[in-house]
Each structure stands twice: as structure tokens, then as C-alpha cells.
Amino acid sequence: MSYLNAADMTGGYGKADILHGCTLSVEKGQIAVIVGPNGAGKSTAMKAVFGMLPLRSGSVTLDGQDITALSPQDRVKMGMGFVPQVNNVFPTMSVEENLEMGAFIRHDDYRATMAQVFDLFPILKDKRRQNAGELSGGQRQQVAVGRALMTQPKLLMLDEPTAGVSPIVMDELFDRIIEVARTGISILMVEQNARQALEIADKGYVLAQGENRYTDTGQALLADPEVRRTFLGG
Amino acid sequence: MIRVENLVKSFGGFRAVDGASLEIAKGSITGLIGPNGAGKSTLFNVIAGVHEPTSGRVTMDGEDITGLKPHELFHKGLLRTFQVAHEFPSLTVRENLMMVPSQQSGETLLNTLIGRKRIRDEEAALLAKADEVLDFLTISHLRDEKAGNLSGGQKKLLELGRTMMVDAKIVFLDEVGAGVNRTLLNTIGDAIVRLNRERGYTFCVIEHDMDFIGRLCDPVIVMAEGHVLAEGSAAHIMENEAVIEAYLGTGLKNKTKEAAQ
Amino acid sequence: MDVINALVALTNYVIIPATAYGAQLALGALGVTLVYSILRFSNFAHGDTMALGTGIVILITWGFQSLGITLGPLPTALLALPFGIVITAALLLGTDRTVYRFYRKVRAAPVVLVMVSVGVMFVMNALTRFLIGVDQINFDDGVRFVISARQWRDMTGLSEPLTLRSTQVITVITAVAVMVLLFWFLNRTRTGKSMRAFSDNEDLALLSGIDPNRVVTVTWIITGALATIAGTLYGLDKSFKAFTYFQLLLPIFAAAIVGGIGSPVGAILGGFVISFSEVGLTYAWKKVATYLVPAWEPDGLVQLLSTDYKFAVSFTILILVLIFRPTGLLKGKIV
Amino acid sequence: DEIKMGVLLGFTGPLESLAPAMAQGAEMAIKEVSDSGKLLDGDTVTPVRGDSTCVDAAAATAAAETLVTSDGVKGIMGAMCSGATTAVLQNVAMPNGIVMISPSATSPALSDMEDDGLFFRTAPSDARQGEVMADEIMEKGLSSVAVTYTNNDYGKGLADSFQKAFEAQGGTVTISTAHEDGKGDYSAEVGSLASAGGDALAVVGYVDQGGSGVLRGALDTGAFETFIFPDGMVSQTLEDNFGSEIEGSFGQLPDSEGQGMETYLSMAESAGYDGSSAYSGAAYDGAALMLLAMQAAGSSDPKVYKDKITEIANGPGEKIYPGELAKALELIAAGTAIDYEGATAVNMIGNGEAAGTFREIEIKDGKIETVKYR
Amino acid sequence: MSGTHQPSRSSSLRGPLFFAILAALLVIEGLTSGWNSTLGILNMGLLSAIMALGVNMQWGYAGLFNAGAMGFLALGGLAPVLISTAPTPGAFRAGGPGILTAFAVAIIAVLLAIQAYRRTRGPVRALLVTAILILGFFAFRWLFDPAVTVIEAINPSAAGNLGGLGWPTLLSWPIGALLAAGAAWLVGKTALGLRSDYLAIATLGIAEILVAILKNEQWLDRGVLNVNGIPRPWPVPYEIDLQSSATFVEMAQNWGIDPTLASTLTVKLAFLVLFVIVILLLIWGTELALKSPWGRMMRAIRDNEISAAAMGKNVTRRHLQIFVLGSAVIGLAGAMMISLDGQMTPASYNPLRYTFLILVMVIVGGSGSNWGSVLGGILVWYLWVKAGDWGPDIMGWAASPFADGPLKDHLLNSAAHMRMLVMGIILLVVLRFSPRGLLPEK
């Protein structure tokens, strides 16, 4: 049994379903990447895994435990961390406070983690007193990922973490994600920088119209000419 | 076409744009890259009239356009998209497009009472045009959806689509690519090239995807810490040491290989 | 020239009253600002919450008085205040359960919440009157003056009187204390920060493991406390009347916004700006002028504007501030 | 048969605290008549309350409209404030031909307003009160007065008529400035009044409204020591709240000497409300007058009994005081003339105007003492 | 305005259904309390509907939160006073020139100050502008005060003001709209740049100022002394005239109606017809505008101002346009209300009734929807009136289990406050079960 197992998720926002029996799973300490066209339902699937979307059918288990009915806060307490695609910072709080909020459920000393985040994203250290709402798009994205890392989650879910960040930061970020995974944390992420992402992925999902279209290792997907052509931009 | 001279924009004490001077040639697709926080979006915002510059000058075809209001710039043929999509959430996708053209006679109150025939004709034309754009962007199926319900990438497309509704002279694109599927991004890239060739649009493109920049843009301007760091052809820029250090990095591939070992 | 008498007159008729009034407005503005920044709507029911809270405090005060319990030189109402706060906070929590919670769940637009608060305002308005009626009620006991006009004259021999009421002193001290406390709470404590986080981005707060119900509960409790304290102090100083609290809503909002809505320090500052401009600009300077330049017997009142327009003064200032410094004097929150 | 009578007062709004005692006064008179069983053919009378809100002309009109058209009242005891009264008179009473007797609308403008003979009041016009007030101040030997008035037609009307009368007698009004009711803070007003100075401060306001607020401020800051109180201020509340602090201050109110008022007060007391509350007695009189006029006209049709009101109020005939309504009904039925005095010594001059006597009061030992009547 | 999602399919039926319910309520009112009462409620309801239409144009179309409806309403009400009442003899000759020069001086001072502000910088600017304004202010007062004193001295118990022009009342309606529009233009020029909730507070304050002016400027409208006997608009007759007209009485008797009743009904019906005409005209115009590109543009602006500006829409000008138009409609309603009431009582303008209740009407009806405003206007006004009647009944019923005594008396005496309670609960219930209003914008 995988660490995270979201099976057969079906559901949507209103009348029409967006997800049609979508299945995702991640092993402990591994990286799973979801790619797919815009509007495929990738973000929706992430929300569903996190309990932010009512499911009409399907189930989510974490570490063997059924969490389908848990609220998002309870999932956070169980060790899930999430960086949404949009609105992922607290705009009128300073960068430092944003990170503190990431550590909200922790009752131990989180200063070491914060130092690590600042190491990873040095610019944030300079801007620690500035409100997150006044940061540039890419800086904001860094705050968002940093906030999630502060939770020290067991499963980290990232919805397009590299959108809008510069190549150098993107490299760093992927690097860091590998490192994080190595410490035993499972990672589930959506990426449009698909080639780089699949490169580091243990498992890749191609989602289209709310369904799993292809599932394989990252390398295998990259090697599949059909996948490359239709989904990865040649 | 657009000339920026010694532009400074500060927020409180912080100079987000710090003496930037650059030029965007008519008919070019100019790339604008630089590390996060380099001041690219701020520069766009100043040019597009969202922010007042602290000092400096912007001219368009020799005419001083510093400090003009966004809607005035629109009428001069200067359009822009936003890094964070700014759709009209309660309008349908189609309406989002149809509202763009200016001087619609139906926008004058008096005409809505007495010029109804003319409005009908104009609307029909607009509708056809909007549908054409939607087809082009592969989101025709969403035409009657409220724009607020679109996915992140779809909003980006809509953002681009709006610039296609009128005959622009110059279009500023702030990270159209972020969050857009690469296959689609290629299509967008083709569209940009086509608009550039066929309709003579000038483009200024902010983007972090170097493939995209490399394929499309000439010249490429690199910004860092509020000013211009380098300028040249894409290939040229990618060799530039300073640019590599500040922005490009040494590349992911080497590292992943290291990691694998 | 008689500088001392001029100064005394100014202190007596402008500085002291404006300070006390300003502190009262500030306390009200704190409550408005809190709800605005955390629950994201302009709470039009705040004035009537103040009235209701004060009504409860008055009933408890009467209870104490009839049992013979007093606070000596201080007003008994201060003793009743904690009880009043508990009841008012409980009422607000009940209101939240039955009314506001639904709108949070469906993510209603802020203005819908404003309208809802107007509904709550109507209801509370009626409840207060059922509870304690519409009459003017004086419920202050204890020592009335720190310095009375007579004492002052005896003490200094000056012809100009000067008075300082104990309620004025209590009000100012309380306002400052509450402001400091609130500031500390919001910026330094975990709960406080989680409240600000919630106010910034509710979804993300959820994702950070912040319990929204807890944030909302704490917000209403603090709001209830602020409203009751503000209302009671106001009532002690000027007597209680249900209708006045509705009228107070306007200057309170003005104060919150002039100061910079969402900022506790701003609320305090705004309260004083409004009160000093109201009192100062409509003050007839004749008396002060005659003391300073005895030779000049002004035949007018040397008044910039008649007091009929004191409202106008404070709102003109409000508008000027908004135009030239839209975030308020201290940078408030832009939602 | 059942006759309905409207009791139209400002139960909500800025004068909401005065209304209950007035309504109870009127309802006491109605009950007295109804219980006696002697009105017309043993008809009963029921009061129907309506809320004029005091300031909202539209709401007052709507309330009166309901009273007349849906409840079918035969007369309206009200309205309370001059503004609402005017609105109801013009929009409802005149079109429908309904009699109105206001116990408290005292604005001078109501004197010569067109009314088709349908409007009466049991309180005197403020034109008169202003003169009385000026006389009184002159007699005390004060020559300069600051005036603060409640900003409505009553306050301004009275302040103006006082100023005119006072200046005509050689007095000086140092400042005449309005205060809004329902505000908590009057520091600005007090500051201006103090700055203008004067031998005394005339508080032309309502005792449980801004009037007390300004008074409190003036006392606390030591700005004035002597005060002049017209009708809106003289009440138990004044004594309770200020008592010895206003020692030596004085005032006047439409009121009458003796028997009538005393009886009324004790009747009110046993009914469990404060009869000395402003215009409570006048409300009793208003209702009584209307019912007695019906008896005299032998009809409850307002177009008929309107002509009897002045006659009943002015006599000549046997004087009728509160509590004697049953007797009055009998007398009228028997064809004996009566002169309704009531609680407030009702007397009409001319056009439905009450002549009104005034009671002068002074604060002695913290109590309101009657000095004399005029 | 994401709000909640309601099925829009049923909306084509909702409108007629709700209006039918409303009509039924009014008919029941007519049968139980008489047609006079129904017509009275309906007339004021229609006026409220016009006010709601105005507020809806600002809030519903453009997202401008105008919390100052009361002020524009009051200002519109000034028009019938200035236009249709009889002039005060001698008043204009005595004080008119003084007042006009005073205002001219004031305007010149303001223009000078604006010029000074534009041409100078730094501390000089602050000093110069302040100096001009202060000097201008004193010059204004110096000219203005004596003129006012003269005017107010003329026959103070009945006049004391400039009086009107004696022109037809109907003419004063558009002029009321113009007055409000003028004020809205000034307000809009200064305050429209503000964020929505600040605009609300600013307009709330401006409304208070406008009403304060009407209350305190006796020379203009007699202030708190009120103006009475404002003539009715053509063709509305007076009851007395009808009652004394033999033909009318005869006609009424033929119909079997009491002539007095017939006269009051006729007058109300005449007003009703006028109001309905105005409402239909307004709705016709606004519906056309809303369904055209103009409406689309306004919604776009409401959704996202920054983006609309980038798409070439002059947001400030459009805001000003709709603010002025909406205020004009409110002003129109104000003038109509005064000619219905026949009197101007500035003290009766209170924000609860004329700002918040109107907003309630818009929200209950459904913001952005014209027919919603009409429905909301009439329905909420009906409820407001009826709540005053039902209150005591409910209270009497609630208090019946208690023994006679002070508690029961207290409860019964509090009955009047039931109106607030009932109103509040109705508002909460509507907002709870139909948050986008009864007739949501489609």
C-alpha cells in the first residue's frame, strides 16, 4: 500500500464533475508529478486530495488510514502540507510571519527550519520584514513553498511551485525537492515545467479531462513520443 | 518605438526600478528576463500607467507618454497582460473578449436608447471575432462559462486573447507562459510570431522559460536589481557570465546527474 | 494679556473634553477595526452591540447596588463590567452561530455581510430597548470629579474654571491600556497572529492548520469585550441612552478609517483626530482671544463654523485624509 | 357600538421616552369614558396606537393613514412633534376630515396653518412661552443670556420667539446655537456657549435628550451657574439628575394651577406611571376633550363634533377636572353646559389654539418649586 | 461577487411569481385595511422603488457603495421648495444679491486655490492654498451672513426664507434630479477615487452634511422650521376640491362610494399613475442600457477596475457617470416624495430610513437587477409599514401569559420596537435563504 493513495476520485465544483475516477498515489520518500493540459483538473485533483472538494465517490488514504472524511485542518495535523497554485501567501503579513504561520501546528522550536528556508531562498531573508503582498511574483512563490516546508510535512503537495520563478531558483527548488524527498518525505506536485519535473520524478501522471491518461515512471513518460508531443510541447 | 530613459520607481525607500534605460524597436519581439524581483513587472506597470514613475521618462514613437493613464495608453495602441490573471470573473469568457474594443457605439448611454440597430450590427461582428479568438486559443468550449471559474492556465489564455481583439501597436506580455502547458505555450508562441509578422504588432515579453525566449525573442534584455544588466540576441545572452550567474544558473541537468550518483 | 486664563479656558473646553471623547471614539473604533480586518466586513451592528452590552452592565450594576456592593470612589459599573463582557461576548457568539457563520460557509461577498450586520443591528436595537427601555439612565456612582470647578477656583484663585471628571481619566487610561494589549495580542501572540493570517487568506490559514472556528470565536469575544468597555465608559461619562449609540456609529467609523482601518494604533489616533477637529474647529475663540488681547473686544464669537456643522468638519477631514492618504494616517489594511 | 380613537405618538425615535406617559394619559381618559358607559348610546371607546416616530413625516403619514382608513378611528389624539403633526394634518386629517388634537405640538407655525377647523391643541404656542420666559428673566434682573436649543421646529421656534421678546425688552442674547438631540457629546456646544458668556444659559431642549447633555457639560466645566428651563426641561428627571447643582435656576412650562393637575398626578400615580412627565396631562385632556365634544354633538362624526370642541373647552359651565369625565358626560347628556378644565386648565383661543397658563418654577434646595402662575 | 450559485433557470418564472405574491399581499391589505392604505403603501413603495433603482445603478451596476442616498434624496427634495412654492415677497430683493455675490466669491476662491495648487509645490503651495481658502472663507462669511440675517427677518413665523419661484411642481422633479446630479458630480470628483468601503463612509458623511445644511440654512428652506403646503404636481387634484365639486360627488355616489373616500382614492391614484409612468420610463432606459455593451462594460469595471482600465475603459469617468446618474434618480425620487408629502421637513431625513432601508431594498430585491429593485422597494416598504402594525399584536400575544404588572406593562410599552425586530429578522431571513436577492441578476 502506498503512503498516499487517492483512488477513483470523482467530483467537481457544481453540477458537472471535473474529476472522473482519477487515481493518484505516492510512496514514502518518493516524488510523483502530475502533468497535463490547462483545465485538465490537476489543481482540482490536488484540492480533492487535500479535502477541499467534496468527492462524490472515491477514497483517500494516508499511511493506510482512511482520511476521506477529514477536514483540511485535520489533514494538516496528520502531516500533509499544501502549496496552492494561486493565493498562496498571507499578503499583509511579513515574510517572516508567513513562515511562522507555516509552523503554526508545530509546538517545538522552528527556528532551525526557518534558517533552512532562508538558506534555500536567500532573497527571503533580505525581505523578511516586508509584507508578502509587496513581493514580486517569483518571490511570492518562494514564500509559498517556504511556508509549506515550515510545517515539516510527511507529504508535501505543490501546485506548480515553479510557475514564474527564474531558472536559477527553479533549479535550486527542484534540487531541494529531491533533498526533501530523500529525508523520507513524499512529494506530490503539479508541474508545467514538465520535462524538468519528470526528470526527477519517481512516478508521473498525465491527466486529461479529469482522467488518468498515462501513468508511468518519469523517465518512461519522457521517453514516450506521444506524451512528449501532446503534453510536453515536443 | 518605446524608449525608457533613466526610469526610477521606488516604493518607500526601496528602488524596484533603479535607473533603467532601454528601447523596444518597432516590429520586434523583445524579451525581458531577469531574476525574481529584478523589477520587470514594475517596469511594465510604470510603462502601462499603473504606477507613476518616481523619475524618468517613457516615450512612444517620440511622444512623451510618461504618467498617462492606462486607458489613455490603450487608445494609443499599448496593451498589456498581467502576471497574475485579471479576468472579469462574472462575465462569460466571450463577454470578456467582447468588452475589449473601445469606441463601441453601445458604450455611449444615449446610443443604447436610440442607436440600437447600429449596436446590433457591431455586436454581431464582435461576436464573430471573439469566437475566432476562442477557437484559436482552443477554449471555444468555455465560451459561455463565467471567467471566474476557469483554471489558472485558461485564465492566462483569456488574458492573451483579449489583446487579440483589437489592433494593437505594442503588446506587453507579463509571463504568459507561467502555468501554461508547454504544448499550448508553443501554440501561443506561434500566435505571437504570427501577430508580429502579419499584423505588425510589436511585443515585449517577460518570461522565465528560456526555450520560449530563445525561440521567439530578439533582442533579449536582462534586468537585475532594477536596471539593465545586458542586452543582445538570445544566444548571446545565454553565454553571458553575469547573466548566468544572476539568472540562468548552471543548469539543472548537471545537478540531477550529480544527485543520481 | 492673560496667558494662564486663556490656557485654562482652552484646556477646560477643548483639550480635556476632546481627549475623553476621542478615547471613547477610539475604543469603539477598535472594535470596528477588529471585525473589519479579521472577519472582513464593516460591522454596522457595532453601535448597537455597545448599547446592548452597556444595558447589560447597567442591569448588573443595579443588582450590585441593591446588594450594597460598591467600589468606593470608583463607579460600581467597573465591577459589573467583566460580567457584562461575558454575557455580551456570549450573545455575539450566539449571533455568529445563528447568523454570520452561514455566510462564511458560503463565502458571501463582504457587502452581503455588511447587509447582514444591518439586520443584526435592527434586531439588537430592538433587544436593547426591550431590555432596558429607551430612557436616559445615569448609572455612575463613586467620586465624580478629580478636580471640580469649585476646587480649582479655591486652589488657584483663577477666574477661569477647570474641571476633570474621574470618568474622563478612567476612559483615557482604559483606552490606552486596551490599545496596548490588543496590539501586543495581535502582533506577538500565536493566537493573535493566526487571527491576522486568517484575515489575510482564509484558505491558506486552513492549510496551515489554523482552526477557523477558534479565530472567529476569539474575534467575537474580543469584539464583545471592546464594545462593552467602550459603551460602558461612554455611558458612565455621558449617561446611557439607547439611541445615542446608533448615532455614535458614524464618528466611530470615521475614526477607524481616518486612522487606517485594521490598525489598532490607527483607531486610537483616528478617534483623537475626529474629536479634536470636532471640538476645536467649532470652538468659539472669543474667550481665549479676549484673554490674550484684552484690547480687542471681538463683537463676533470668533468661531470658524457654528457647532451645527461639527459633523461636517469631521467628515471633511475624513475625506481629505482619504484623498491624500487613502490608507489612513497609519497604514491600514487594504482588503 | 365601539368608537375607535387614534393615539398617534412618537413611540420610536428621538422622543421615544416621552411617548409612553402621554399615551397612558390619553388611554386613561379613554378608559374612563368607555367604562362609564355614558358616551352617546353607551358606546365603548378603544384606543388604537400609531407610531408617528416624531421625525419621519412619511412614517407618520403612513401610520395615520392606517389609523384612519383601516382602523376607522373617529379622531386622532396626536401627533406629538410639530413636524409630524403638520404632515399628518395635511396628508391625512384634512383629506379625510378627521379631527386631530395634539397635546404637545407647540410650534408657532401651527397657529395660522390652514386646517378646515379640524386641528386643535391643548398646549399653547411657543410664541407665548417665549414672551413669558423673557418677562421672567427681566424680573430676575438678568440682562444677557446664552441660548441653546434643540434643533427642531420646537426648539428653534421657541428660541426665536424668546430672543425677539427678550431683545425687545432690552436684553442681550450673547449666542443662540442649536444642539442635536441624541448625541452623547456636547463638548463643542458647551465650549461655544461658555466662550460667548452671559449671566445665564437658557436650555431650550428636552430633559432626557440633548438638553440634559448640554446642561451636564455646562455644569461640569463650570461654564454657567444659572439656567433657564422652558417646558421641555422641567420634569422629575431634572430634579433627580441635577438637584442642588442647579440651585437658583428657574423656568416655566405650560401648566395650570391647582386641583386639575393634582388630581391628574395622583390618578397617574395609582395607574403606575409618571403623570408629571411632559405633556402627559395634556394628552389626557386631548382625548377627554374629543370624547366630550362627541357627547355634546351627539355624534362621533368628526365633521360634526369638531365644532363643539371650543365650546366644551371654554365653557361657560360647570368646571370639569380629571376623573370627572363620567359626570361631564351626564351633564352634557342632561343639557347642562360644562367647561372642561382638565389637568392643564384647557382654554381655546381663536383658531383651535390653547391659551395656556404658565407655571414658573425655581430650583430651591434641589427641588423644583412652583413660584407662581401667569 | 462570487456569492453562492443559484440555479438561474427558474429566474424567468421567479419575477412574475414574486410580483404576483406582492400584488396578493397588497390586495389582502386592501380588503382588510382599505384601499386607501394599500394605495398609500403602494405610492411610497413606488417612490422607494425609484430610490432603490438609483442606488442599484450605483451599487448593482458599478459596485459603487453609496451610503449617502439620504443626502441626495434630501437635496432633490429641495427642488419643489425652490421651484414650486410661492416666492417670499421682498426676500430676494433684500438678500438675493448678497447671497449670490457671496457664492461667486466662494467659487472664485476655490478656483484660485485649485490653480495655486497646480502651479506651486512644497511649503509654498500649502501656505498659499491655505491662505487663499481662509481669506475666501472670511470674505464669503462677510458677504453671506448679513444677507442671511436680512432674509431670515422677513416674516419669520411663516417664511423667513427666499421662497420659491411659483413654477409648476412637475417641473421641480427633473430639477431635483439635476440638483442631486450636480452635488453628485462634485462629490464624485473628489471621492470617487476612494476604495469602495471608504466611498461608503465618505458618502455617509456627505449625506449628513447635506442634511445638516438643509436643517440649518433657514434662508434656503426654513431649516428645521419646515416648509408646508408645497403644491401638488399637475394633474393631481386636492381632496377638498373634489369633495366640493358637485359632479365628482355625484359620480362617487353613482358608484356607491362615499365621496370623501372617493376623493382620497382619486388623489392617490393620480399620484400612482405619475409614479408608475416615471418608473416605467426609468426601467425601460436602464434595461436597454444594461443589456447593451454599456452594461457589459460596467460589469467589467465592477469586476476588475485595473484590468478594465488596461482594456481602455476610462474607469474614473464611468464611475462618475453612473454615480451622477444614480444620484440623479435618487434626487428625482426625493423631489417626488416631497411633492407627495406636500412638505419639507429636513429633520426627518435619517440614515436608518433613507439610506439603510434603501440598501436593504436593493439587496432584498437582488442587486444589479432593476425589477429586483422595484420588487424590493415595494415589498420592503410594505413590510416596514406592516411591521409597525404587527409589532404590538405579536407583543400582546407574547406578553399574554404574564400577569398584569410592571413587567407586562414594560413589554407592552416596548411593542413599538417590534418594527425594528421584525424588519431585522425579515432582512436576515431573506439574506439567509436567498442571498443574491429575490430576483437575482441573471
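Worth a mention:
We call the chains A, B, C, D and E, going by the order they appear; numbering starts again at 1 in every chain.
The rule is simple: a residue touches a chain if its C-beta (ideal position, glycine included) is under 8 Å from a C-beta of that chain, and two chains touch if they have at least 3 such contacts.
These figures come from a predicted structure and were not determined experimentally.
If you take subunit B and subunit E together, no chain is in touch with both.
Averaged C-alpha coordinates give centres for subunit A and subunit C that are 46 Å from one another. Centre-to-centre separation of subunit B and subunit D, using mean CA positions: 74 Å.
If you average the Cα atoms of subunit A and of subunit B, the two centres end up 27 Å apart. Multi-chain contact residues of subunit D (touching two or more other chains): 16, 151, 178. Each of the following residues of subunit C touches two or more other chains: 129, 133, 306, 308, 334. Subunit A has no residue in contact with two or more other chains.
Pairs of chains meeting the touch criterion: A-B, A-C, B-E, C-D, C-E, D-E.
Note for the complex: subunit E touches subunit B at residues 1-2, 285, 288-289, 292-294, 296-297, 299-300, 302-304, 306-315, 321, 325.
Every residue of subunit B that touches subunit E in the complex is listed here, in rising order: 48-50, 69-71, 74-75, 79-80, 82, 86-91, 95-96, 98-100, 102, 104, 106-109, 111-113, 116, 119, 122-123, 148, 162, 166.
Interface residues of subunit D, counted against subunit E in their complex, comprise 11-12, 16, 19-20, 49-51, 55-59, 61-63, 65-66, 68-71, 82-83, 86-87, 90-91, 94-97, 107-109, 111-114, 116, 127, 151-153, 155-157, 160, 178, 272.
Residue ranges of subunit C in contact with subunit A, taken from their complex: 190, 193-194, 196-197, 199-201, 203-212, 262, 333-334.
The residues of subunit E lying in touch with subunit C in their complex are 1-4, 59, 65, 137, 190-191, 193-195, 197-198, 200-202, 204-206, 208-209, 212, 215-216, 352, 356, 359-360, 363, 410-411, 413-414, 417-421, 423-425, 427-428, 431-432, 435.
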